[in-house]
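Quick one: the structure is below, questions incoming.
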Amino acid sequence: MAFRSPVPDYLDEIVESLADDTNGAVADYIPELAQADPDRFAVALTTVDGRTYSAGDDDVEFSIQSISKPFAYAAALTDLGLDRVLDKVGVEPSGEAFNELSLEGESHRPMNPMINAGAITTHHLVGGPDCDPDERVQRVVRVFSALAGRELRIDDAVCRSELETADRNLALAHMLRSHGILAGDAAQVVRGYTEQCSILVTVRDLAVMGATLAKGGVQPVTGDAVVEPWVARQVLGVMTACGMYNGAGEWLTAVGIPAKSGVAGGILGALPAQVGIGVFSPRLDRNGNSVRGLRTCRRLSADMGLHLMEAEALGAGALRSVHPGTLPDVGEVLVYELQGIIQFRGAETVLRELEGASESGQPVVFDLARVPGLNDVGRRMILEAMRRLLLADRRVFLVDPDGVLPDPDVGDGRRPEIVPSASSTDRSH
Amino acid sequence: MAFRSPVPDYLDEIVESLADDTNGAVADYIPELAQADPDRFAVALTTVDGRTYSAGDDDVEFSIQSISKPFAYAAALTDLGLDRVLDKVGVEPSGEAFNELSLEGESHRPMNPMINAGAITTHHLVGGPDCDPDERVQRVVRVFSALAGRELRIDDAVCRSELETADRNLALAHMLRSHGILAGDAAQVVRGYTEQCSILVTVRDLAVMGATLAKGGVQPVTGDAVVEPWVARQVLGVMTACGMYNGAGEWLTAVGIPAKSGVAGGILGALPAQVGIGVFSPRLDRNGNSVRGLRTCRRLSADMGLHLMEAEALGAGALRSVHPGTLPDVGEVLVYELQGIIQFRGAETVLRELEGASESGQPVVFDLARVPGLNDVGRRMILEAMRRLLLADRRVFLVDPDGVLPDPDVGDGRRPEIVPSASSTDRSH
Amino acid sequence: MAFRSPVPDYLDEIVESLADDTNGAVADYIPELAQADPDRFAVALTTVDGRTYSAGDDDVEFSIQSISKPFAYAAALTDLGLDRVLDKVGVEPSGEAFNELSLEGESHRPMNPMINAGAITTHHLVGGPDCDPDERVQRVVRVFSALAGRELRIDDAVCRSELETADRNLALAHMLRSHGILAGDAAQVVRGYTEQCSILVTVRDLAVMGATLAKGGVQPVTGDAVVEPWVARQVLGVMTACGMYNGAGEWLTAVGIPAKSGVAGGILGALPAQVGIGVFSPRLDRNGNSVRGLRTCRRLSADMGLHLMEAEALGAGALRSVHPGTLPDVGEVLVYELQGIIQFRGAETVLRELEGASESGQPVVFDLARVPGLNDVGRRMILEAMRRLLLADRRVFLVDPDGVLPDPDVGDGRRPEIVPSASSTDRSH
Amino acid sequence: MAFRSPVPDYLDEIVESLADDTNGAVADYIPELAQADPDRFAVALTTVDGRTYSAGDDDVEFSIQSISKPFAYAAALTDLGLDRVLDKVGVEPSGEAFNELSLEGESHRPMNPMINAGAITTHHLVGGPDCDPDERVQRVVRVFSALAGRELRIDDAVCRSELETADRNLALAHMLRSHGILAGDAAQVVRGYTEQCSILVTVRDLAVMGATLAKGGVQPVTGDAVVEPWVARQVLGVMTACGMYNGAGEWLTAVGIPAKSGVAGGILGALPAQVGIGVFSPRLDRNGNSVRGLRTCRRLSADMGLHLMEAEALGAGALRSVHPGTLPDVGEVLVYELQGIIQFRGAETVLRELEGASESGQPVVFDLARVPGLNDVGRRMILEAMRRLLLADRRVFLVDPDGVLPDPDVGDGRRPEIVPSASSTDRSH
């Protein structure tokens, strides 16, 4: 019998246990959405390593709707830069319903890109001011496809159906025009925005797209850097502050996963450095969020420890040991054996230990054999430690079999000496 | 020359470079606060491992003021449990100034514990309904002292001075009483709350207290579990949603550190699983936040990658290698060598690999020698993997020199066989 | 030398004394309005008797703009009745700027017909649901012309200019459509509403139109009952509550004249039973009201006692005297000599006196020779008094040389006996 | 059989027909109020001539509660003048519930004196800044008694009962203190305000007090000028804008009587120059207004034409006739026979006629025999007409048997010649 991962079993269990919940109602203000099969239910989860798990109706396509907002925001940030986007759209929670104006006092900016006024403005920013409306939609589809790792397409029937009842969005577009926030033709912008909302996805697509944000913009399957790290961080921050229409605080405390829901019943989740999540179930609560979708997110957070504020079991140190050792042709050395990913916190423990050490003058070995990676701060701090040791006329060696610290220039051209390993002379650990 | 950590140098540089910024003004509505030396400036940073770095006037005591709010909230959650606290105080951003009522529509709950109405209510919850007012204050001082790791005390002069201009808080207390949210005598509750606000701290205290929240409630120096992990998570979540008076979204995107400021010029920061931060500089901007304090937080976030949404360099896998090996008296085995802290994401990579492996029937070795720790989900997932292998009649061995997986019962009484190590037969890595 | 009324002199003096006030700025968001001569200034005043006084540029035409709102409301009330209009537009002050949505909570009705959302809705109600857009505009022009007593026309250049920057109104129209308040095509309704706003008037037109409202809907020059009394009352009430954008209370206390201003610089005033007022001066304050127009209204109110709450010198009684008299062929009678217009209050004094009189059984004479008129309540009360006297077998006579009490049926077919006069036997008054 | 006025019958009919309406509930938040007999029902109406009619439980005393607000406002205006009162309390409708803060943006003034925050502030203004709290209450009782024409007294039991649940008012007082609006001790001011609210009145008192406002401040029974005309006008204006908690516009259009309601079930009405109204029925609707009280006001407005915007039947002119006549020793004259009360409008008709007359040089007679009175503007305009005639060397005579135009100095010392009457030579009218 082959080994079977418990993760799919777990997702199956969620789908099964929540299937009975038929609360809520399918969105009925758009005829095409009203025809959705209310019993559809699917969940998917993609790790930042690129593995996707799913359960339920994971191959059913549905229109992305408002879940398009964070991704279009990512595209606009990429195309225009942060400042030009912030000129037109804020980042503050609005405390109001998604289709209200919520313009900020003096600037008349929409409060954030997750409400319709902000999303319409954001759509129009994609591709820059000279972008043709059709090109803009194509650019949106292209970015979304890159995030999902497959060619996505627009559901024309949904789009047409929504355009028939687009008065609210037309109202917003005209109001934005009147405040000088939106420059394009109101009807054309709304058409483009509606096409963006009509892009079809599955829960697997959403999970992969979310995982891309969670991985700092790197698509975990294709490996493409679809958006830059600052863009992913900005999008996740705005999702956290403004993503779930009502109750940002309740969501942040009880679930703790940056998220966005859509009126077709989809929910996107993305936990930095961990996972992307996609859920689909068309019945919505009064706030317009998928009933089973919300419950699924709560289960994943509670069962999996997937929560922004989770700090459990992280006390273990990055410095595995400091021990005497020997190097051929060098003699006695002091070995600093690191472990785990080295961020600020890990590097700090190494620096602290170095500081406390006696001024022996002994050569120092940094053993990174158990280190899978360093982030930018971790790398800079370790190099700075080496620089200071070198300045004090200490010899510095580096054990780095996996090459996690390539090109170890400490800043002034000097580098540690690379050695394959250091033999320990203290066998006590 | 002794090695000197660059972290203090970095903090010194921050203090030096921002010292020139004399924008803002010392709070003047409380006579005692108005007398603060506006040039004071200090910053401290405590890692979840318990090391505190600081620079500037790091031994100057100042009144904690509104920074007491998250800690009193932690005390109330501890004393009454989540539901009874949520009955009286919400968790949503108010979008209004700190001293406005901001009561929720039907419940009349204050919107959150970070505005004064919510903080007064929260103070009164500490110790439960039968707690004597004096006992309540003592309990607050005790909890705060436990968080800081030293005996804190109340500044009576500040307290008296604030009580002379306590009309706003008295107004809030009476209004809360009129809505049945507050049961105690209004003047007495305001006195107790004002005493809470008058507790004296240094930036080092704040950094340690923040680090306690960042470490799931475990004081990183004393090792005491001052509050439970869910309490720390709830407090951090509310700080994120409601901590910085205006501009929650701007703070969340641009800085990304759960934080709280006080009118005496203090700022508390706490990044889950990383650090606690304390800053002190009495000059405030129009929103009542310390001018240099805000700039310091921005520098720390930008320079140190201290940001909730940071996902950089975390792609490295938990599964260092899978290779054939041999065990004495067993023979050929398949070794799964793990590395780093194992959370959901790490465990998942192991499960995935197991799933993909051929049904060889070979014994399996889990080598945790490079694993500094597992969180609860990681532990459960690894044990589940073992259980499934045992169910399939595979032999399962565990290498765990540091005892990071103690008592490895897979759920039905069975356990992996403990071995000191497995010799690799594949030398290619 | 001919006698010259001081009223024109007074108006001339106002125009002269306020001419220096060049504060404010001509509305610049509509190109055509921006070209207005800012120095234009005119005032007109029409009594309910139909005399119009004016001063300054009283023959300059300007677009009526928002002053069209009360008159279109009158037209809609006439065409649909009160209930059907109230279904779609409320009567409450909005406390917000004129171009905001201000929709009521559940009904989504615009708060009142004086804000743009309500005015757009009101325009569409004119002529009823089956009215063709062009017919609707023609109906508006026709009603306005009947109110002004001359053929008014639309300024096509202003209309075209406004339609070029009609985004706010288009936004409102679409939003109203989305809430089911507005049924027509958004662009078409906005065009019709803009045509309504582009109707050209002079201050003399406005004064006459206002006087028509002040006279219960009767055009004081032509004598036509343009709208019914309840319509005039409803319009005046809404103008009082919602007419001046900000500061309804300040206007009501300090000026006390129901009023409406327009962005072209016009102001309409209408004091029930007294006068209509028109002012024109294009420079606007920050609230969009004509600076000199407001000051003119304040002067008129203060100098002329034109104020809704004015109660000065009204203590004089409706009952001039009760005295013994004689009638040929009848003998001794008791004469009740009335004076002034008999409303509730006046009739009441007569009834009171009758009640106090001794039960002499003497015939009673109602002498209305000094009564210029009775309102409906006054008429009914006097007839009821006669009825009761007749029931008590008293003879009742009526002196009514001007026929102010035509057809004096007391309700059961009986009537007082008409006599030309009664000679007084008591010469003491 | 004595004549019986139909007015009492009419009020009896109202009481009888509305007695069945047992909707609403007695206010229960104050124990003493909760004990009120819910079936009590009374209505009273006082004319500006001083006659009071009443029906139902017209001798039952109840606490005045919020109806004290306009009268205390009148007292404060009298004691401090308009500007100093406006410094502390605004005049704008708040759009919020009566017990909310509703402070204006920059000034922090309460929005108006009809909400509790404004009423507490107003109470404290009575008597000026140096007034002792007890003296202040005595001054309030004294002013109210003067308005009612009898000694009113405080219900101590109601006052004590309200003080036990005074948290909202204490909250407001502290908040007002914190904004520098209120200077006194919060608890003391609330006690004084609560005493003010506990003054006992009957519907007859309210009707008389209202009639005093309606008569420009002159108590219609005692003839005392209790407050100045501008005070009465200001109070009536504020009642109109802010008196009925919700729905100022609905009240203004549908009822049209400045009014104020109290939580004990009272309603005060006052129609300028017409009547004061008092109603009492303890069952309240959700807005805190007496259910039967509101219906009574609606009936009175509809049946009696008692409406601010009423303009019916007022077309009749002030100029009864212009005819040739003769004066002994003078010869042929032109007689202008006036009628009714002469306000601006009436005087204007005379001036207009004078202007149109041929330049005959004939002497002019102003016959005021049918004029019961002139207001200030009317008086000034008639005198100005005389002045201009005298300037043109016309002889001017005055017939004024009732002395309605005493001391007819036209401004430069000249006066018309007084004559007893002028014989008409034109018998056609």
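Labels for the chains are A, B, C and D, by order of writing; each one numbers its residues from 1.
Definition applied: a residue touches a chain if its C-beta (ideal position, glycine included) is under 8 Å from a C-beta of that chain, and two chains touch if they have at least 3 such contacts.
A quick note: this is a predicted structure, and the numbers were derived from the prediction, not measured.
Touch-path distance (fewest steps) from chain A to chain D is 2. Traced through touching neighbours, the fewest hops from chain B to chain C number 2. Comparing the centres of all chains, each the average of its CA atoms, the largest separation from chain A belongs to D.
Chain geometry summary: the mean Cα position of chain C and that of chain D are 21 Å apart.
The distance from the centre of chain A to the centre of chain C, each centre being the mean of the chain's C-alpha atoms, comes to 64 Å. Touching two or more other chains at once is no residue of chain D. Arrangement of the chains shown, judged by which pairs touch: one closed cycle in which each chain has exactly two touching partners. Across the whole structure, chains are in contact as follows: A-B, A-C, B-D, C-D. Those residues of chain D that touch chain C in the shared complex are 1-7, 47-49, 51, 90-93, 95, 112, 214-216, 218, 220, 229, 232-234, 236-238, 240-242, 247-250, 252-254, 256, 258, 272-275, 303-318, 320, 339-341, 343-345, 348-349, 351-352, 354-355, 357, 359, 370, 372-378, 381, 384-385, 388-389, 391-392, 404.
Chain B contributes residues 101, 165, 167-168, 170-175, 177-178, 186 to its touches with chain D in the complex.
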